[in-house]
Every structure is written in C-alpha cells, then in structure tokens.
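What follows are several structures.
Two complexes come next, and they have one chain in common, subunit A, joined by subunit B in the first and subunit C in the second.
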Partner chain A sequence: MKHVKTLTFAAGVSALLAAPAMAFQDEGTVRLGSTEPLTGPGAVYGQPTIIGKKIAIEEINAAGGIMIDGKKVKLDLFSEDDQAKPDQGVSIFRKLESSDDVLAITGTIYSRVSETMWGLLQKKLDDPNDTGLQVPAMSFLSMKAGVASISPWAFRNAGVECDQHEQLIDLVQEANGGAEFQSVVAALESNEAHSAAAWRVCYQGSLKKRNWDTKEYVEWFEQDTDFSVQVRRIRRAKPDLFILSSHYQANVGAMLEMARQGVTPKYMISHIGADAVEMIDLGGKAVEGVVFPSTAFFADPGVKSLLDEYSKRTGEWYMPAFTYLAYEGMYLMKHVFETAGIKNQPDTLAEDRRKVRDALASLKDWPNPMGLKLTMGATGDISRPYVYVTIKDGTFKLWWHPTKGYMNP
Partner chain B sequence: MQFDEFFFIDLIQTGIDGAMLGSVYALMAIGFALIWGLLGILNLAHGQTVAFGMFAGLVSAGHLKLPIPISFACAVVTGVLVALLVERICYRPIRRAHELVPMIATLGFWITTEEILQKIYFHMYFKDFMPFPNPFTMTRFTFGEFVIRFDYVVTMSVAVVLVAALYFVIYRSRLGMALRMVAAGHDIAHLMGVNVLKTLRSAFMIAGAFGGAAGYLLGYVANMANPYAGSMATVKGLFTMILGGAGSIPGAIVGGIVLGFTELESAYLFSFAYRDAIAMGLLFLLLVFRPQGLFGTRVEDKI
Partner chain C sequence: MLDFAQNTLDGIMVGASYALLGLGFTLTFGVMRRLNLSYGPTIMMGVYAGAYVSLNVYGSLLLALAIAVAVSVIVGLVIEGVCFRAVQSDNPLASMVSAFAMWMVLEEIIILLTWGRLFPVQNPSGLSTFDIGPISVRGDYFALFVAAVVLMVGIYWLLFHTAFGRKVRAVGENRKSAQLVGIDVNRVSREIFVLTSAFGGFVAFFIAASLHQITPGFGLWATVKGLIVMILGGIGSVPGAVLGGLLLGIIELQAVWYIGASYRDLIAFALLFLFLVVRPRGLLGQGERSS
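Our next item is the complex of A and B:
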C-alpha cells in the first residue's frame, strides 16, 4: 500500500513536471507575459493599456495567429496586476519569467515599477558572471528618461522623451517667429518620478542648450488642491513660455488658478501627462492652449478602427495614446516572434528568448499599424515621429504634424 | 521667496488663502477630536466618512444634477451612515476590549471600505478624477491687490455655521449635556442616568456629519472628486487634531487653520518641495515644548 502511495505521488509529480511539455508549439500557443496596474489608483492607465493589448491579440488570433516554425499558433497572454507597486511588480516579473515560462514580458506603465522589475535583468549581455534574468521585456509607456538603458534585455516603444521636448521647444520658438522668449517659467510636480526626470534630464538640458534661464520656477505636488502661492509667482513673472512638467491632475488645478488670477502665457507646453481626457473634463476653458506631445493622435485615420473598438468597450470618446502604444506593441511582438527564427518549445525557451531580444534590438524600419516605420535605438528606445496636440474649443486638436506642419497654432 | 515690493502683499494673501483652506482641515479634525474626547480611541475609519461624503456629493450633484444644498445634505447623511456603521462594527461589539482593539478594527474598516469605494467608483467612472460641480470656481472678489475666492468664502462660511451648530448642541442641549458627562467618564455618566451607548452613537453621527460635509467641501474647492480622499483626510485630520490638542474641539478648529496657514506660508517663504516636511517639523517642535497641543490639557501618566 505504501508503494502504491509512493508511486501515485511520483506519478503526480511527474505529470506536473511534464505539463509544460504540453504547452508551447505543441498546444498551438506562444506565451506572452503582461503586467499592468489593473486595480488601484494606477488602473486608469492600466485598464486602457490592457484593452489595447486585448484588442490587438483578438485581431491577431482571429486572423489565424502567429506563424512560428512553419505553424500558426495563437498568442496567449498571461496577464497580471502589479497595482503600480514596485514590490508586486518584482514578484510578478519573477513569476512570469520562471513559473509561467513566457517568451517575453510586456509592461508595465509606471516608470518606478518598470525600473524595479528591470533591475532583475542581466546588465551585461553574454557576461557569464552576470546572473540577471534573461528574458526580453518591453514597456509601452514608462516615460522616465533612460529607463530602457537599465538592461540590454529592456525595450520601450513610447519614444525618447527628451526628443519630444527638444522638438516641441523648437516648434514653439518657430511659431513665435523665431524670437527668443522673454520670460520662461517652469513648474514641476516634484513628487512624481517621471515629471522630475523630464524636468532635470530633458527640459533643463533643452533650456541650457539655448542659454535660456527660467525667470520663475515653482514646484507643486501631484495631490495638491491649492496653487494660489505658485500661480501668484508665475503671474508676477509674466511668462510668454510656460513649461509644465506635471500630470493632468496638478495641471488642471494650477491652470484653473491661473485662469482665476488672469495669467495667460503666450505658449504653454506640457509633457505626456497632459494626455488625459480629464484635462478637458476637469479644466474646461482654463486648459485651452496647452500643447503636449503624442505618439498617436486619437483622431488620426490610422487609429480609427482601434478608437471605435475602444469606445465600444469603454464608452469613452477619447482614447489616450498609450492604448495605441499597447496595441502597436502586440503587433510588434507578433512581427518579432515571426521573424526571430524561434522554435517555441519548452527546451528552446532560453535560446528563443535570446533570439527575440536580438530581433527587438535590431528592429529596423518596421511598419507599424499606422504605417510609420519604426527602428530600435541603441538605448532600447524606439525612435519615432511625434505629433503635438493642443486643447482647443473643448476638444483635443492636432497642433503640429510631421507632414502637415502647424495645424492649430 | 523674493523680497520685493510684493513680498508683504503676497505674505498676507497667502495667509488668507491658508486660513480658508484650513477651515476644511478643521471640519475633518472635529470628527477625530469628538471620538477621541469621548472614547479615547483614534477612529482611523473617520477618513472614510470624508471619502464617502465626497462620493455622495459627486453622484448627487454631478450625476443626478441635484441642487447644491440637497447634494450637500446627501453628503452629510452619507457621512452619518458610514459613521453609524463604524460604531456598529468597530466600537459597540468590542467596546469592553483593550482600547487598541477598536482602533485596529477602525483601521480594518478604513482599508476595506476604501477598496470597496474604489471598486464602486471605477465601476461607475473610467477615470481617476471626476469633475465636482462648482459653479463659483471662477468667481472672486478683488480688494486692491488682494483676491478672495468665492468658493473659499462659501467653504469657510459653511464651516463656521457647522461649528456654531456644534457648539449649540454641546452647550445648549440635553444631548450636549450627556456628551459632556460621557466625556468626563462613562461610569459617572451612567450613574447620572445617561444612556451612554445612545450618546456615543449620537457622537459618531455628529462626527460623521462633519466628515461628510468636509468631503463635499474638499471636492467643491478642488473641482474634482476621487476615491482616495479618505487616506488624505485621515492623515490631515489626525495631524490637525494632535496639533490643536487631542480631543479638543476648539483645538481642532484652530489646528486646522494653523495647518492650512503653515502649509501655504512655508511653501511661500521657504520651499514648495519641503512644504509638508516643514509643517511636520513645526508640529514636532510644538509637541516637544507643548506635548498636549495648542488647546489640550497636560496629563502625565508616564514615568
């Protein structure tokens, strides 16, 4: 009887250990990891992202799937909720890498979580002494400057933030007739990592390059509700260029106070944190005129079908750019999985991961769903053309487009 | 800080804005002070009366388009209902246990209801922040160089009326007499014929009404509502109560105004980035020299 129990136990363990052999190419799937904040305060970014991913995956699988090693397999998303918490992100990253045996891991949204997760990755490629994890990881946002440089296994498709700000400052100067600004004023949301990095690494560099000093500089916190002190100082400086390194919540509060105090800078620019429908819902007329960068304008004909599907699922009229980036990211993964020469077998997983990493690193002129050609840069960031969006007449409008020029100056 | 011709104007203006902002902090702190004064426990769930009050204001004014006074009343009633729930779950069944037990129970209530509120909120809205109706957001009075926001005036006026009503209840009603007896000692109050449990339930209801009102006014002045207001209210409310003197209603009022004033003045005079650190540092200094807070009574029960 004792032997029977032992044999039963051994058979059970063997079955469990053998289970992965049933997966991968044999079961007709390729595993892709995914982590986003799906609950908690970060869910407002995570939910639109996972919707973008799911729409793309449903489209890909409905069209037959992904061609790997001569066989069509379905994309199987292993989705986890990191709640925008770095410690939770680390556990999820380890689970996806080791227990779920995914080929690559996509996500997450917040730079602080991506940084922490990617800290687990190998820092030096092919270094036998570097025992970091070797799994390709790609975020479709995490805008903090330099995040993808953490590891040769880390990538990002949201663009290079400093390039956006550099170009936007050039564009506002051009719109200003090429004249120098007399009073540049900057505001920083100082308790938010992305905003702080955007200011210190990007905006300050761009201003220094032009020998422009800020006439006034103020700070606030993301959750502040009173901006009267800061705005009084902004008002005294009579800004003609106002730089907001801040997200929509603080932007709205500050711009409402600016409207109360009658502060009307000639140009107002913000980072991607202004790309939120709440800017209009909460700020109304007070936020009109602000210009911010975007990778995919929601009214672009190239994203219309995605916008329609997104609106159907959420009831929202506006789709943030990062929903598109997640959607694009799934098609990018499909392209890489199909062209990397992988076998998609349990025993080739390590080898396949390396091939996927190499394919991502050498990505060149890949035509994205909008028809733009994307190339991976040396820092793990995809360089891409940007559009600039403004808020006008109660809606988002294109302010500048790479092929159409100024549209709503 | 710039010492120029506008320095004193901005200094005074900042002080006025800070005091007005502080009136909302005072409303949040009164609920904490009331329960501490009567029961000697920190009601960590009180912030949820603020959060649910804000949510009720959002739904009634934003969603159902009810007039502001009715919407405000909805927020107050919601705060009362949440406070009654706290009393039923976290206090009444375990009131004979060590004082830490109900406090931990209120902590559990805070965390649980915050999660529940977030689930409901995100089920209804697909956004972190929703616009909170405030028809007076752009209305302001100008007196020479000074500017007063009308919505701040409304907020402060409501706070003054509520505090006056509270004082009337405490010093001019039978309930107030019972509350003062319970504050002096539950056993004494019981011997004097006071229904202690009923009186405490009323205290929770009053605290909840203040919490609900604070939640509405917070959304109103910020022009936005969110499901996380409870945590902020707990931190600011406790801070204010300790500053004013634990359990002291006048302390909660003055503490709120001092906190609002200190936050904005330190932002103006020193640094925006270290505003909270400066305010906390000042509180620490105050407690070193006056551990009982601004209005508290000194009690030495430790060697």
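Our next item is the complex of A and C:
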C-alpha cells in the first residue's frame, strides 16, 4: 500500500513537471498576459477594462478561437491585479513574462504603472548589450503623452493624446466662427500624472502654436473638496474658452462651483478624464456643455453589441470608451497572433514574441470591430480617428464626428 | 481686502466641519489615550451606506442621513471592540496599528463593493448662495456651519453639564482613578465611540452633501484634516478642536488665493510641524497626563 502511495505521488509530481511541455499549441491554448487594477482605488478603471477583455475573449473562443499554425486554439488570459501600484506592476510584469510564459502582456491602465513596467523592456531592438525584457506589451489606456516611446516592445491603442487636443481646439475655434478667443482660462489637476502631461506637453503646445496666452490659470488636486477660490479667479477672467486638464473626480466639484458662482464659458473642453458616468450622476446640469475626446462613443452602432453585453453584466447604462479599447485590443491581439506566423510552442516562445512585436509595429489598415482602419505609428501609438462627446440634456451626445461633422454644438 | 474677507468667511465655513472632525479624534483620544486612525473610514462607511440606500432603495435625504449615522455607529462599535477593547496591550501603538489595519480593511471593502465608484449624495440646498454685502455665502456651507455650531454647543454641554460628561472627563483625566471610584471605564469608552461615530457620520454626510459625492478617498481626507486639527487645537481640548478647525480652514483658503492651490497642503503641514516644535500642546491643550 505504501508503494502504491509513493508511486501515485511520484506520478503526480511527474505529471506536474511534464505539464509545461504540454502547454501552448499542444494544449490548444495561446497565453495572453493581462494586468489591471482590479482592486484598490484604480478598480474604477480596471473593472470596466477587464470586462471588455473578457467579453471579447468569450466571443473569440465561442467562435472557435484563434488560428495558429493551421490549428484553432483558445485564447487563455492570465489576469493579474496590479492595484495601480508601480512596484506591484513590476512584479506582475516579470511573473507574466518569465513564469507564466505569456506571448504578450496587455495593460495596464495608469500611465505611471505602465511606464514603470515598460521600463523593464529592451530599449534598443537587436542590441545584444541591452538585456531588457523582450515581450510585446500593449496598453489600452495609459494616456500620458509619449508613454509608448519607452521601448520598441511597447504599444498603445488609445490614440495620441496631443492629436486629440489639437483637433478639439481647432474644432471649437471653427465652431466659434473662426474667431480667436478673448479669454482662455485653464485649470490643471496638478497632482495627477496624465493631467499634468496633457497640460504641459499637449495643451500648452497647442496654445503656443496659436500665440494664445491664458488669461487665468488655476490648479487643484484630484482629491480636492473646495474649489471656491479657484473658481473666483476663473469668474473674474470671464472665459470664453475653458480648458480642463483634469479628471471627473475634480471636474465635478469644480463645475458645480462654477455653476454656483455663475461662470458660464462659451466653450469648455476636457481630456478623456471626463469620460465617466459620474460626470452626469454627480454633476447634473452643472457639467452640461463640456466637450471631450473619445475613441468609441457608447451609442455608436458599431459598439452596440458590446454595450448590451456590458450593460447586462454591470447594470450600467453607460460604457466608458476604455472598455471598448480593451475589447478592441483583444481582437487586435487575435489578428496579430494569426498573422505573425508564430508556432506557439514553448521552445519557440522568444521567437514568437519577436514576431508578434514586429507584427504590431507594422500593423497597417487593420479593420477594428467598429470598421475603422487602424495603423501603428512609429512611436508605438495607433493613430485613429476621434469623436468628440458633449453632455447635454442629462446624457452623453456626440458633439463632432469625423464623417458627420458638428452634431450637438 | 474684499478677497481676504471672502477667503476668511469661506475658511470659517469649511473650518467648522474640520473642527467637528478634529473633535471626533480629540474626544476619542481624550478618553482612550489612544489614536483611532480608522475614524475617517468609519464615517465614510456610514455615508456610503446612506448614499447607496438613497440611490438604489428609497431616495430620501432623512433616511440616508439616518442610515449614515446608524452605520457609522455600528462600525464605530466594531472598531472599539476589535481595535481597542480586544487589544489589551499597554502600548498605545498596538491599538493605533490595529486601527490603521482596520482603516485599510474598511477602505478595501468599499472599493470591492463599489469598484471605487463615487456615489452621489443629495445636497438639500442645491447650488444656492446668498450675499452679505459684497461677500457671497454658500447655502450648504452655511447650513453645515450652523449644524456644526449646534453640535459643538451640544457636545460641550454634554461634556461639562451632565453626569455622562463628568465620567468622560474623569476617565480622560486618569483612567485608573476613574475605575477606582467605580466608573465603568469600558462602558464610557463604548459610549464615547457611539457619540463620536454618530456626530462624525452626521457631519460627514453634510460634508459629502456639500461635495455632492462620497469617494473612497474621503476616509483619508477626513483623517488628515481631523489629525491636523487635533494637534493644532491641543489634544483632548474641545474648544481647542474648534479653534484648530477654524484656523486650518482660514489658512487653507488664504493659501489657495495668495500662494496657489499646490501649496495649500504644504502650508497646512508646515503649520502642523511648527506647532509640534514650538507649541506641542497646541492652542489650548493641557499637555501630558498620566493614564
């Protein structure tokens, strides 16, 4: 009996040790890493993102999976929770790369965490002296300008932020009859990396290009609770263009105070941080009129099936654009895995990762689930058409569309 | 000059709520001789519960407020039991660390239940303002100020003109002596937790209403403000907490106007540091007492 137990134990251990050899193509899966803040304060972004990913993966697998080397395999997501902490992100990134042997790593949300994780990557392609990690990495948000330029292995599908702001300023000027604004006022959420970079790298560049000075400039913090002093300054400047480089958490409080003090700029523009249902839930009428960029408007017919499924799972009527970006990202990975010529075997992992990187870097005119053609830029960012969304009558509405023009001016 | 006056008035309004947060910390410390670091998250839990019911079950301001107070009291009693009564160590650090751990637990519970979402909190006075000459006053801040003054007067009366207050002060003066004269020290501790949690939940609800929202960061915000006020006013001093709150509110608002919002917290912490070095007893504190 003792021998039987010993043999059973030995067989079990052998099976466990042999498991990696059975992985990948032979077990009918292709491994994809994923990291988001699923708990902690960043979960507000991480949860809608992972839902977008899971919906796409379930659709892909239900349709048979991914065709690799003549065989359909299932997409197997190795999901981790980085809690929006850079140090945790680094550990997860290393684990996914070395222990989980994933083909590519998707995520994360916060620019500061993506920057830290991607700092592990090889900086110079094909440089034998550069011993950085060689695994394709792609974020579906991390909006901070220039984040994907960290490494030739890093990519992003959320678009180029400065392009969004440049285009939006052009559009509001056009909507203003082409006239210059008499009083441009800006507000910066100065303790938030994305907002600070958007202001310093994008908005300031756009204003300088037009020789526009801000008549008033104020700062606040993401967690601020009182905006009365800043808004008093804004009120005195009588802005006709108000730029908010700030997320919804502070936007709501500031805009409520603006309504209280009777500040009504002709145009109010914000970055993607205004893309949150809380703007309406908490801000009510005070936030009406703000315009912000988006990559996928939730009411677009191209995202309807995703919205329906997202609403079913969450009970939410609104779906943020980054849920779509994560969903799109999974289909992008499917496309790249299918076309890169990979073998999906343990001993070809390094070679496969390089093929996936090269396929991502050379992506051209890939038709995304909305039917738009996407191309990867030299900086690792996908250039894409943007829509601009406003809040009107208690809901989000398209303000400008690339083919339809101004819709709710 | 007008801006200085406006900032001062706004600072007094904001400072009144800071004062009540500081009062919660100082009363607990005065009786327990231990710092309750989970006070902020406790009252945050209450407001989240009230906001949740108002949003999903029945949209009543009074019901939301009642639930906020009730849940704050329940969570406060759990904290008292788990972090203070159960941790019998003479080292005050043990309770402080335990309360800190509970802070993290409470915050994570909120985040797990809500994904860290902000919940709307109904503001009864909306966006109304009224003018006193050239100075503008927010309706909700004024209501908060009046509520804070009434509460502070009530707490002062309770502490200095009732039998309960005498017990509280006796325990605060010397825990062992109070026990020797027959005061049920554990009961007084529990009652102080009920009292501070109840008015904390009440004030937190009105602060959240003035912001139109409750966020998972509220616990940290309330803790930082409360601790600074307690140190500025003097640990254990009720009038000191009031003065400390008003001082902090005025200095913050003036700093934002004259120096910039980015320096507001820096100045608040510099002030705290200055007090700790120059006047560690705070404005009206009585210094160290034996326990």
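Just a few scattered comments:
Note that the second predicted complex is superposed on the first by the 391 of 409 C-alpha atoms of A that agree within 3 Å, B and C clash if a C-alpha of one lies under 4 Å from a C-alpha of the other, contacts with A are read in each partner's own complex, and residues count from 1 in each chain.
Please note the rule applied: contacts are C-beta pairs under 8 Å (C-beta built on N, C-alpha and C of every residue); 3 or more make two chains touch, one makes a residue touch a chain.
Owing to the predicted nature of the structure, the values given are computational and were not obtained by experimental measurement.
Contact with both subunit B and subunit C is seen for A:R232 once the two complexes are overlaid on the shared chain.
Once chain A of one complex is fitted onto chain A of the other, the partner contacts of A:W220 extend to both subunit B and subunit C. Touch criterion not met for A:E59: it reaches neither subunit B nor subunit C.
By the touch criterion defined above, A:D300 lies against neither subunit B nor subunit C after alignment on the C-alpha atoms of chain A. Of the two partner chains placed by the overlay, neither subunit B nor subunit C lies in contact with A:D163. In the superposed model, A:R260 makes contact with both subunit B and subunit C. Applying the stated contact rule after C-alpha superposition, one finds that A:D358 touches neither subunit B nor subunit C.
Comparing the two interfaces of subunit A, the one with subunit B and the one with subunit C have residues 39-41, 43-44, 47, 190, 218-221, 223, 225-226, 228-230, 232, 249, 252-253, 256, 259-261, 278, 281-282 in common.
Taken in their complex, subunit C has these residues touching subunit A: 3, 6-7, 10, 14, 108, 111-112, 115-118, 120, 127, 129, 136, 138, 207, 211-213, 215-217, 220-221, 252-253, 256-257, 260-262, 265. Within the complex formed with subunit A, the residues of subunit B that make contact are 2, 6, 10, 13-14, 17, 21, 118, 122, 126-131, 137-138, 140, 147, 149, 218, 221-224, 228, 232, 264, 267-268, 271-273, 275-276. Interface residues of subunit A facing subunit B in the complex, by the touch rule stated above, are 39-41, 43-44, 47, 190, 218-221, 223, 225-226, 228-230, 232-233, 236, 248-249, 252-253, 256, 259-261, 277-278, 281-282, 314-316. Those residues of subunit A whose C-beta lies close enough to touch subunit C in the complex are 39-44, 47, 190-191, 218-221, 223-226, 228-230, 232, 249, 252-253, 256, 259-261, 278, 281-284, 286.
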